[in-house]
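Read through the structures below before going on.
Across the two complexes that follow, chain A remains constant while its partner is chain B and subsequently chain C.
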Partner chain A sequence: MNDESNTSDRPREDEDRHAFAAEAHSLWRITFAPTVWALHFVLCYGLVSLSCAKELIPIATVQAVLTALSLLALAIIAWLGFRSLRQWRVLVTGQLEHPEGTPESRHRFLGHAAFLLSVISAIGVIFVSMPLILIGGCQ
Partner chain B sequence: MPRSKARAAARPKALSAALTLPLLAGCEGAQSALAPAGEDAAVLATLFWVMLSGAVVLFLAMNGLFFYLTRIRVQAQSETVARWLIVGGGIVLPFVVISALLVWGLSILPDHRQAGDGLRIRVTGEQWWWRVEYWPEGATEPVISANEIRLPAGQRTELILDSAHVIHSFWIPALGGKMDMFPGRETFLSLRPTQPGTYRGQCAEFCGASHAWMAFEAHVMAPEAFDDWLAAQAGPAQTALSDAARRGAGIFTREGCGACHTIRGTEHIGVVGPDLTRVGSRTTLGAGRLGVSLDAYRAWITHTGDLKPEVEMPAYDHLSEAEATDLAQYLRGLE
Partner chain C sequence: MSADKAALPPPDRRPLGPYPPTPEMLAEPVPEALQRAQADRLRAAWRTPKGWRYWTAVNNTEVGKWYCLTALAFMLCAGVMALIIRLQLAVPDNDLVSSDRFSQLFTLHGSAMMFLFAVPMFEAISILLLPGMLGARDMPFPRLSAFGYWCFLIGGTFVLVSILFDIAPRAGWFMYPPLATQDEGPGSDIWLLGLSFIEIASIAAAVELIVGALKCRPPGMRVNMMPLYAWYVLVVGGMILFAFPPLIAGDFLFELERSLDWPFFDPTRGGDPMLWQHLFWIFGHPEVYIVFLPSIAIAAMVIPTVARRPIVGYSWIVLSAVGVGFLSFGLWVHHMFTTGLPSISLGFFSAASQAVVIPTGIQLFAFLATLLVGRVTMNLPMLWIAGALAVFTLGGLTGVMLAIAPFDFQVHDTYFIVAHLHYTLFGGMIFPVIAGVYYFFPFISKKMLSERLGRWSFWLIFTGFNICFLPMHLTGLLGMPRRIYTYPTGLGWDWLNLISTVGAFIIAAGFLVFVWDLLRPKGKQPQPPRNPWQAGTLEWSHDIPEEAWGVRSIPHVTTRYPLWEQPGILERMDAGRYYLPDAEEGRRETLITSVIDARPLQVQRVTGPSWITHVAAAFTGGCFIFPTFGYYWPAVVCGVFAGMAILYWLWTATARPPEAERKDVGLGLSLPTYVSGPDSVGWWAMWITMLGDATAFASIIFGFFFYWTAQDDFPPDGALHAGAGETALAALALAAAWGLVLLARRWNRHGAVTAARLALAGAALTAATGGGALALAVWPLDPTSHVYPAVICAIALWICVHAALAVVMHLYCLAGSFAGKLTPHHDADLCNVALFSHFFVLSSLVACAVIGLAPRLI
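Entry: the complex of A and B
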């Protein structure tokens, strides 16, 4: 990240700074899919507790709401995954690795990381949702 | 194991076989999850064997692969092979296996709370014994017992579990999974034993000095026999006493045992310790600690704390041998 240190000529430094500023966004983006997973997790546990422990909401309502939320979470993660796959450009270039320390390489690496995080987040959402279907109540 | 016969001369093999055989015998018995005697335990035993078989296959496959790549085909592998191994063996296979196990596990998870056929048993964990109440369908008051569970075979019984002081765990491995007991909170367990017999239960959560001595016997009975037993259990204690037992009853009163123990039909109505109305009909003494011989009763009365460290009951070691014997006769006769 401190690639500015080994360059002395000004134009190159500015260029890198711009590239880095642009990259800061994709650095944020890699956190989106796990965040969706975390929110989904908290909502699942929270709503089920409100229904089964506090008996504030009927379990059927919770089940319907959480099923819809699960599908929404999966849709968002799928969209994030698709975007990061395009950023990675692996399907175009066929390159899985990013050994050069260029801005382009960093950009694609962040896409790669975001894609893998989307996959694990999708698996997390699916696993957390399974009891909704398989247990189907407060047992 | 035929291999021990084939190569009796190969000492390590013979030795390992000799060491394995007694271990296999440990799979049988009154307290084994691998010798299921009920529907619920059978499901868990199947789960165990499937997971064990899967683990053995994975173990052999992993080590076989390791052996193959380090001993048989030692040259460098192409990147494609390596990538397929990592993605297939490291991501896809574990995902599929774990998902399948999760689906199976979740599908059997609600079973421990299945509705029963009528009988409910409330069990409370004490230091270190079990307070037991039978609530047959429609009952307005329970039949009280302790340190023993009796269940009708072929029927599903609901157990409501609770604890008085600390966390315990109720577990009859041959009949089903275990369930923790929490002070101030009820948990549930539903069991459907299928084979009549005597099984052993054990507290499965460390609960203090005598945790290991907190056990009980679970008797699975034919439904008619169970109904007869429960009807007999409900009444007051028996009054036809031998001379020795009559003297023992006097000692029971004199020593103030009734402050902690109930014997229905007498003036003794203490609820600190186990109900002794039919203690003589139980098959263990001191919550699975001792057998039920006269000597066992005497030992329990006079050496309580030695047999069960930190137990609340004081040892009545000031009683003469004759008095202890009379008291033992009285209690043992309460069938």
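Entry: the complex of A and C
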């Protein structure tokens, strides 16, 4: 599962491109949860506009659909958060900080950062979903 | 043809030799004589030009200094405008300046502080400091930094000087139409074109800084060990790429309306002023954080030093920076709460505005925690940081109030807003930046600033600031609107305004002290110690007296605070024990490492002093400045010359096949001198630039769907559509051009040079055909009649300009192939053009679908 965590620093025969892709992927991963928040946000804004400005869809339908999407977004973020929590391995090691210059430390650090970003993204999705539930129509 | 048979095996571009270095390798001393010879060669390669040629320098230390000083000068000009504004408002019914002049003053004050000071200052400081923090010799594209600086200088001077001729922009710093579009005189054009020019410089700086932070770190500095400043630079660079392009797209539409009367924002012909507000604030709100984050990053560098311990909660601060970066894009409508959007929509933006407080607060708590657990020495930089935290927290609290839409309805466009934004900007930008100036001054100019003058300046600015802006909260609550040039007596505003004016002059006195301290001659001052604050990060390995080489040798880093935690690193760096201690070929070089783990990958040749950046910047300036006064042909000529200058610069100085395929970089490691594709910095720069370009394009497409959403009849019944056949032909031809570029890359790499050349020529031909077909498709439309044909034509224009660029790129590669610059094993140019083509084909197909299909379907 965590193949890049054991990567030696020594340049190896076949390593270059393969390891590069794996590495780059793990930096992208910290942005996944905020990206889910952003997509959710854009959908909220866009669908409400289609309902209130263009009057294509009834607002009650939009509110129901978006609330369902909020739950979906939260589920995806929870899954991302769970994966990054495992990558962080804090529950196993009890180690909160990762300042060491080892691949393992870097790997867990990225897990930690991704986990914290999942938490903040979940809070963001909950905040943005509240108007859907609390505010009536298109006044 | 002989070139076809020259399919030699590709050169080995893997790093060879031991890495990471063992303690024994590092312990081995370098002979004295060798050290001296190496240092001499390095010094010669990096020597700063003397005399009038000094201005050709491209080294980050020189360009960074000019950039900072220019931004400071622009800030002082904008400050003087603020003083005139305050003088005018000091007493009721004042007639010091006219209403018109007052409008010019506040417009230019806001625009200059934002576009000519706050954002460029981030770029300036980062260009100056980032290579030092990363132990790099220079940024990867020094001439790009220099080009960006000269653009900034020309554009900024042009915009500011307009006020002396009484033709300055006067519609407020956010230029709302229809006021700004219908304004007589060149003011709005000066704002648009002058600032567009500077936005391009900002994107150039963002490209430079992102690639610098990702690819120019010292070996071993993994992402979990980057100085926090580099994390912030990365986040802010990314934000610039998504925030500035919507404004550039908005400027593009705005200028088409101003000069060609295409009615994007004119409601009488189907346009909508709200689109400008959306595009402006999609830029404008993230911009606040683009200004705030790098300044607070300075605090993240100062605080560990004064607390004498590593930062507490490194990952939390990274979370905070990345989280703020994302959330800040969901706030833009809180500047538009009173525009009548549905209340659910207001709720989304209100909620996101509250949510952004959480990550922002986390980083402040991390700083406080670091100070609490450390042994704090209250030095001058820390005093300014403390002031910043206090002022910013107050601004943040009023921000939370304003995020609540009903409260915002009450105080919208009053002095309460003025107070709030100045609290956030002084606390979030001015104070931390001045802290940074005091902290980094010994690094920048190898002298110290005065402790006594610094304290005077701090207390003057801090008290003056609060005297000026604290009463404004009340003035605003009492109902005084922004941007009024005078007011009658008896509304309860008189005393409050007078107090604010006194405060403004106290701030000015503080700035005078600060600027005097900064600029006063310091020739007699003894040299400061090398690391006066006993900091732990790499920039404090700088040389005193100054050396232009950045670092004597590029260290292997295994900790977050190498100077604290890696004993002996400084001596080894000085002795040239680490990487690239020499410049045998007399060329400027720096080390390129991998993105995550910073494993050494390549030796990058960086460019040296040149006039070509000035030539390119001057012609680019002409291209933007002439249209302001309606001179379109000179602008076109300038544009062509600017293009030629840039091509000359690229041709002579970038991606040339090296004289040797690899070189020894020290400690037994041998690295390639040429790479192409994702390993090369040029590929990353193209990727990042195209991301920004795609965002701008997406903003124009957003405009199309915005009109469709906001209007009942878009496209209007019976409107003439773009030709279906021509649009389909354009889509096919542009897709074919993309396919041919990919084939050219593949064939070239396999040694089939003739086939590759034919494919490139074909690509140029098909791209030109595609652009031409799209132009023909929209030719019968009349863009001045209604916004529907206008937006279709704007999209087509965007694609045509890119098709022309694509043709130039294909021909450039073709010429490179004939000239031996582009060979089967040296195909960086072609890889970059292929990357451009990926983005271009995607945007072409989207454009053709929106132009040809969407109007017939919706």
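Observations on the model:
One rule holds for everything that comes next: the second predicted complex is superposed on the first by the 118 of 139 C-alpha atoms of A that agree within 3 Å, B and C clash if a C-alpha of one lies under 4 Å from a C-alpha of the other, contacts with A are read in each partner's own complex, and residues count from 1 in each chain.
Operating definition for what follows: a contact is a pair of C-beta atoms (placed from the backbone, for glycine too) under 8 Å apart; a residue touches a chain by one contact, two chains touch by 3 or more.
Bear in mind the structure is a predicted one, so any value in this text is a computation, not a measurement.
Contacts of A:Leu72 after superposition: neither chain B nor chain C is touched. Of the two partner chains, neither chain B nor chain C is touched by A:Ala64.
In the superposition on chain A, contact of A:Phe127 is made with both chain B and chain C.
Contacts of A:Ile135 after superposition on the shared chain: both chain B and chain C are touched.
By the touch criterion stated above, A:Ser26 is placed in contact with chain C alone, chain B being left untouched. When the two complexes are overlaid, the chain among chain B and chain C that reaches more residues of chain A is C. Judged by the document's definition of touching, chain A residues 123, 127, 130-131, 134-135, 137, 139 lie at the interface with chain B and also at the interface with chain C.
Interface residues of chain A, counted against chain B in their complex, comprise 96, 123, 126-127, 130-131, 134-135, 137, 139. Note for the complex: chain A touches chain C at residues 7, 9-11, 16, 20, 23-24, 26-27, 30-31, 34-35, 37-38, 41, 44-45, 48-50, 52-54, 59, 63, 97-101, 103, 105-106, 109-110, 112-113, 116-117, 120-121, 123-124, 127-128, 130-132, 134-135, 137-139. Of all residues in chain C, those touching chain A in their complex are 14-16, 18-20, 220, 222-225, 310, 314-316, 318-319, 322-323, 326-327, 329-330, 342-348, 350-352, 354-355, 358-359, 557-560, 594-597, 599, 678-679, 708-710. Across the interface of their complex, chain A is touched by residues 83, 95, 99, 102-103, 106-107, 109-110, 113 of chain B.
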